[in-house]
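Chain naming follows the written order as A, B, C, D, E and F, and within any one chain the residues start at number 1.
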């Protein structure tokens, strides 16, 4: 595919979007795993959630 | 109303005593304006072309530096707690404090601006316009700044954060303030800029105290 | 020496926690640099000519805003009293605090400067020089600023006054910092500016803490 | 008139500090709050003053002015003094009078307040020159500078000398005798005429 | 070892606050400073610590380390706590240990200090979350975080509850028993084992 | 009978619902993205004026639209938090801010990269570009303010106030293009003048990006809810110990 004299600009644009968006997605997945693991660890320690816990409303 | 005036009077007194507000603001303005040619090179044509911009930016910075602690200091020594129990709604408290800031900083800077214009080789014809636009535009600076000061009240060392939050809000004021002076274009362009500036100031005079008071209420918890 | 590192470490921690120093300084830098073209007009040729000046001035302002309370906060909560009874002479206390300021503000700003250069259409060739000069020049900014911060410690609302006192002291740094970048002239001119900048920084690293400590001693009475 | 707290539950930073607390303070009465450090005295006072919104329950002033909030009918003296260091002693008092009071006899009120707390000789000094106890006295002088039926005081005797503590006790007694009410957090016994004590530690919910 | 004040005259803002005062505090002894608000207790303590230069007379520590000033051998706890609100309790204590102490057993010292003042359970909390008394306790914990022979304390019990005041008294007693000395300004009687009292009001020059 | 918002207000319900929705939205985003990319590169012609670089449009415009839409979402959530105290509103606002900042950044970046071949420079200071830059600053301000405050519930309300104050930027981006003299060509109503062969890929890409954003937003909200649960449990654990200690001290 020939994208003309300005191919580099096009490729960089698409690459930047790809990198940023995949970066965000990976971060979201990693963060989700970490929170889930923390929560499970705490629950295993026997800390239970109060029904009207003020932290989560 | 008596409470409003008492607060305004106290804030003006404090500004004058504590920072020597007026003198210092003018001094700062002078220093920044004279630094610019050092940074930009001494080309007089260039300077006079961008004079309005420099004056407005210096003005915004002077306001920023003096806004910093208008709520924080009252919070630290417990004054804010007591002000909140007073007969004045918090919206008027923030209005009085913003107004005090405008009186002690906005007005002196607006009057000083043309004097510094000389240093920048500003076109003589622009002087009256400059005073008028800065007088009309600076209320927006004080009242918008008060929102930022209220939001960042509890972040110790909030200076930079305040600037980060408030400077983007200043952009419209800056743009129309400058275009009024530098356009010099037609009288219609001038009048338009001027009216928009006045409109921005009016809107912020109404909305600024509301937003600032809302922020203070959150902090007082 | 252990005390020195402890103090340095604490100050860096505080700067990061309280203001989110690094992020906020960069944000502020970005905002000021982009305000300038709004104020000065969007002429790209003009901008690239004065880019170095704008970057240096914005850098000085970021430093000023973050210097503000480095001693005042310690004084208000009584920390300074205790620091003064420590094994570290007051001169090293001020040195540690200035150094912490340089680490949390000077270095990030120096690294950020070229990125912002893009917005100002700065000449590509100037980038390495820009990083080098800002890295070499910013210690002077932090250490001179500390003198001003110490002098104005007890003036509540010292921001403006500090700026008024310190900005004139910054003039040599500013001039050589800019000329190193914008000259681009011969390599000799560049080398000269660079050396002078380094010399200024070295001198202030030695003298700044002494002067600041002397000011603090007066305040502690 | 009576200040009523109903079934209060108060959170501080995601922790329940006070739970299920109810009490009433009648006009003419003072309630002393006691309890260990961190028991929640300050938290409770700030809730009464309306700064903190309780998680559950409510605070109301029966027989007060219904158009005003509790805070607007109360003097609140917290751990800090609300004193501006660069104003003189007299200016500080006069400002609070002008701000809080709508009465006419401003000078008289300010003069009486300063005299009561032994500050008349210092009235021209900037507050920055005051000693810790003198600053506290200036903070307390606010109580007499404007009339308000409810006094909420947080450790008012901190750093006061014996004579000044007695002046404060006299001021509270005057206040309750003339139909006011007060809630006072304190670690020291105060020789008030009509006071009940509420120990917050005893109210604590088990973890 | 003994802390000696010789014929002190101290000015504060053009007023002579203390005149012709001499005393000595021996190792193993505590001196309680009393006197009305504004008598000059804080002024005297700050002079002993070397912040204020006396108009006349001098302060010296006999038998101390001659290479160090009095201040460098003293713990000073003033009206303020020297606590950083955005650091945690443990971080605050650890910083003062690292800054003031050159010993090796840092963790042990910090742990003991926090435990002594009942702060071990709060150690992970930012100091901003502490109540007034808890902050004061953190300020006092500094005394145990590094060893120094001289303690200069300004109203240390302000806003402490009874239990904490007793812990403080115990700390001072330990200190004097192990050869330290202390000068303590206070409005309340402290049940120290070996204490003399110096009433500053009695020393006052007639106006 | 509960209204939908009331049912959604319960974080537990939200977690259940979002767990069911998330795979579908993600799948839709992936499919549309693939189709859109195919259209963008293979099934659409080069512009007669702009040449091949017009293909940057298919990512630039969706990013630019998202940058504004996300801010509107944040402002709406902020309103919900301040006025209705909707329990999920703050979670939504907090989760959206970094995503919005990222898309704004991408709009700026792809715009600059398009600007170089088109206008001969990466950046001009015209009204649209400048107002998007200010939008980016607003995002930064929201993130910085939230991270500078220790007390989380205060932080969320304060950021909400700032978000509502800043919402005035949206009409400015949209409408005021002729503030001061500029190198930029005057803005045209692109959607009506554009050739249908380009309109389809643009539309598909725009929908794909929107779905992508919503997928990420849902995931970020779920993470945030979990984070808050963890934090509540932690303080609860510490508080339990402290309470016992307070009893001991009595």
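The rule is short, and it goes like this: a residue touches a chain if its C-beta (ideal position, glycine included) is under 8 Å from a C-beta of that chain, and two chains touch if they have at least 3 such contacts.
Quick caveat: nothing in here was measured; it's all calculated off a predicted structure.
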item: Any chain in contact with chain B as well as chain E; value: C, D, F
item: Reference chain B; chain at largest CA-centroid distance; value: E
item: Copies chain B and chain C touch via same or different residues, half shared test; value: same
item: Interface ranked first by C-beta contact pairs; value: B-C
item: Centre-of-Cα separation between chain D and chain C, whole angstrom; value: 45
item: Geometric centre distance via CA averages, chain B-chain A, whole Å; value: 41
item: Rounded Å distance between chain B and chain F, as computed from the means of their C-alpha atoms; value: 31
item: Centre distance in Å when chain B and chain C are each reduced to the mean of their C-alpha atoms; value: 24
item: Junction residues of chain D, two or more chains touched; value: 13-14, 16, 36, 38, 79, 85-86
item: Touching two or more other chains - residue numbers and ranges from chain B; value: 18, 76, 155-156, 158, 161, 164, 167-168, 171, 175, 221
item: Multi-chain contact sites of chain A, meaning residues that touch two or more partners; value: 53-55
item: Complex contact set, residues of chain C against chain B; value: 15, 18-21, 24-25, 27-28, 31-32, 35-36, 38-41, 46, 49-50, 52-54, 56-57, 61-62, 64-66, 68-69, 73, 76, 155-161, 163-164, 167-168, 170-171, 174-175, 178, 182
item: Touching residues on chain E, where the partner in the complex is chain D; value: 12-13, 35-38, 41-42, 79, 129-134, 136-137, 154-155, 158-164, 187-188
item: Residues of chain B that touch chain D when the two form their complex; value: 2-3, 5-7, 10, 13-14, 17-18, 76-79, 81-88, 220-221
item: Touching residues (chain side chain E, partner chain C) in the complex; value: 49, 51-53, 71-72, 74-76, 78-87, 91, 95-96, 98-100, 102, 139, 142
item: Complex contact set, residues of chain C against chain F; value: 18-20, 23-24, 27, 30-31, 34, 37-38, 41-42, 44, 118-119, 121
